[in-house]
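Chains here go by letter, A, B and C, matching the order in which they are written, and residues are numbered from 1 within each.
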């Protein structure tokens, strides 16, 4: 008896749920069926413009897609916003099942990996006018799309890290402007000693974190042909740049956030909160701080220059076409559209920095906060684009953590890291 | 107590033999297709340098992935951490879960409220509670503040291997008590009231009643909870991923976070599958040993 | 005698309640903190030291959660999938558990171990073979694709749990019914299931929670925005560079309501337990 009631309750709930959803399903399937005459092409485009519920980018994208569809009758773009969390897992599984979308906004760090797998199409082969577009974008952003002699995407948006400083901390250090050189940077740290403010903070020791310092110090990760890390990553200049940070760390001027203490105050809260004097970060922080810390007005200035000048690291996304698309012509049309001033400038309004040089200049005039980043991009370098890039970051993180903790010297750590990276480059 | 399978009554012996299979068939077919076949596929992957995109072109490398795991210090660290997490979380969950279930067994107006309160952590999503605990155990978080409100020398819980494992285990225990409580409650409710009454009338005290009446009745449930918690302990994943990310320098990596980064980060599915197979073997052997100890896997009557 | 006994019972009750209150408070505090956070604007989320009473308090998160996405639709999707999967999974597993608990047959032990294997394999590694399988059966991007794999994924746990409970039901009851001429199906539905309501309620609660919360598989096979379940919608609030935790917490709290409801409905069956009459058959 009791059980019968239990089953009855479950069945009733189920029936209700079925009834509730049935209408919605019918309506949506009818609408898709109605809008698909034979000659029409529907392209699926995956992206993460949803940006964690911050709708500015998706709002900017919608009219652009409308405008493209109007100019290209017969092509509809079905943009699907993907959760950023585990996107790579979804993408990989889709690739394994041959279910990739036609178009994808991919992190530049993934290009080589999926290019090697054969999931992304080589655009320099698929696109007859590829060079026209390739010549128009910042060389650094284009380089990030190359692997094994081919280009597997075109840059879509770009970003880089600049030195962000807190005006209050600068005042506490007796400075009128952010440190522009390594010498000024360490001098600032010296002045802050004894205060509660730490000179610099970062959240890790991968390429994204450490390479701006090594490059600016005149060092390198590998040779120009990307065949060897030994002799470059562990050169005297690379060691000196890292040593500067390790010395500051030992002096208590850099928090253990950098070696992966997830319990330390994060950079995005620690800078406005007065814990840290400076961090390296990207253009997205402008909007985030505007919302979270409306009274905070940080300085954006170039990465402190060492013997190698002021050299930062390039981030961003690319537009790629999957190898499984059956509508390559239409997909290429959309890729071309993403390189237009219309598209690039509209997205720039939401913090997506343009990749086309001419548009970049225009955007910097229109949105002054982008100026510091645009300037930094001129010299910024790309991370390694090899399929094993994620392993390189793990290797750097593991060895440098030991150096920061003091269990090995910086020279030993970098030599060991280089020795582990060498075989990855030889592949 | 001896228990025999009821002797065949009416109907042929062949029909009798068919009966259990009719009960098994629908679930079993689904299980074999949707779970066992994928398990075999994953096991197969572990013998290859697997190419996700074109399975056919993958290179057969025999047991190379297993040999690699054997020589991989990170794998051993991860296995040790998963084991440590299991050891830290299983006993408290059983003892506290059973204790609370015993206290909540009796009828009273407040019982449903307590049950909901203890069950709340179970229904809350792992993502959210992991984030919450990360902040509770932050350098300037609530735990440090409670230990020393002056915050003179806060502990960096998440910056060293064992302190971080303690924080992660605290989350596991907190979130798991309600789960074992539920199972024990259900088992305790299954005890015929007459048995308890009889024992009381015989003059048994509280402990004697627990030992003679309750414990035997919940023994199968106890075995179930223990096996499930051991399995769950070795499969800890999201809390580690979100609280430490396996860091610093991979020192808090557990088997599943490592497997995840190998498979979906490096796209090395052959090696990732090998790690999964090894973990399954470890857990399977442990579970079988436990079931043998509890003898619920054997025919109870024998 | 009587006096001292009452005093002892009284003291025990006080200790018992004190213990329950303290531990319940410990269990609930982080949860209350989550509720409090859902009423904070982003600037005040997760401040250090923690701020328990939101100041200023806002319901913006809830409004935004409900309005930015098609949240009601996702809620209904999740409900449909979770209810159907739970019902089917509990039904199929109780049948399997009955076979394992009450019948002798060749390969029983081996088969049961194979079922247990389903609990031990990290499900993440199955996701690629399962995806290819789902594609082969045409189950991608559909409710059915979610339901089929959710039912299958919960079979092991439920079968094991229910078998443990079925075993503890005295076999003499079966035999008595069999003497009266009841077949296996009758014994299953009239005797075993009614005697196992606490266990069935437990599996129902667990399965509902598991399917309600599942993210990885749903994110893998669902593309159509109209078919999204709640966990996908919630994860969409987590961005690459910033996560709006107030939104995530508010959305998660809305998502918890049905699970609590299911818990409240089914835990009722706990209190009743077994009456003496039922055991006497």
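Going forward, a contact is a pair of C-beta atoms (placed from the backbone, for glycine too) under 8 Å apart; a residue touches a chain by one contact, two chains touch by 3 or more.
Everything numeric in this text was worked out from a predicted model, so none of it was measured.
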Most contacted chain pair (by C-beta pair count): B-C
Taking each chain's C-alpha mean as its centre, the one farthest from chain B: A
Whole-Å gap separating chain A and chain C, where each centre is the average of the chain's CA atoms: 37
Approximate Å spacing (C-alpha centroids) for the pair chain B, chain C: 15
Contacts with 2+ other chains: residues of chain C: 48, 128, 201, 235, 272
Junction residues of chain B - those touching two or more other chains: 52, 138, 140-141, 264
Multi-chain contact residues (two or more partners), chain A: 86, 89, 92, 96, 265
Complex contact set, residues of chain A against chain B: 86, 88-89, 92, 95-96, 113, 117-119, 256, 259-265, 387-388, 390-391, 394, 397-398, 401-402
Contacting residues of chain B [partner chain A, same complex]: 51-55, 134, 137-141, 156-159, 243-245, 247-250, 261, 264-267
In the complex, chain B residues that touch chain C: 1, 3-6, 9-10, 17, 19-21, 23-24, 26-28, 30-31, 33-39, 41-42, 52, 96, 100, 103-104, 107, 111-112, 114-125, 127-129, 131-133, 135-136, 138, 140-142, 145, 174, 177-179, 182-183, 185-187, 189-194, 217, 219-221, 223-224, 227-228, 231, 235, 237, 255-256, 259-260, 263-264, 269, 272-273, 276, 279-280, 283-284, 287-288, 296-297, 299-300
Of all residues in chain C, those that touch chain B in their complex: 16, 19-20, 23-24, 26-28, 30-31, 33-34, 46, 48-50, 92-93, 95-96, 98-99, 102-105, 108-109, 111-122, 124-126, 128-130, 133, 148-149, 151-153, 155-157, 159-161, 164-165, 167-171, 174-175, 178-179, 181, 184, 188, 195-196, 198-199, 201-202, 205-206, 209, 213, 231, 234-235, 245, 248-249, 252, 255-256, 259-260, 263-264, 267, 270-276, 278-279
Residue numbers on chain C that touch chain A, as the complex places them: 42-43, 48, 64, 68, 73, 76-77, 79-80, 83-84, 86-87, 127-128, 131-132, 135, 140, 189, 193-194, 197, 200-201, 204, 215-216, 219-220, 223-226, 232, 235-244, 247, 265-266, 269, 272
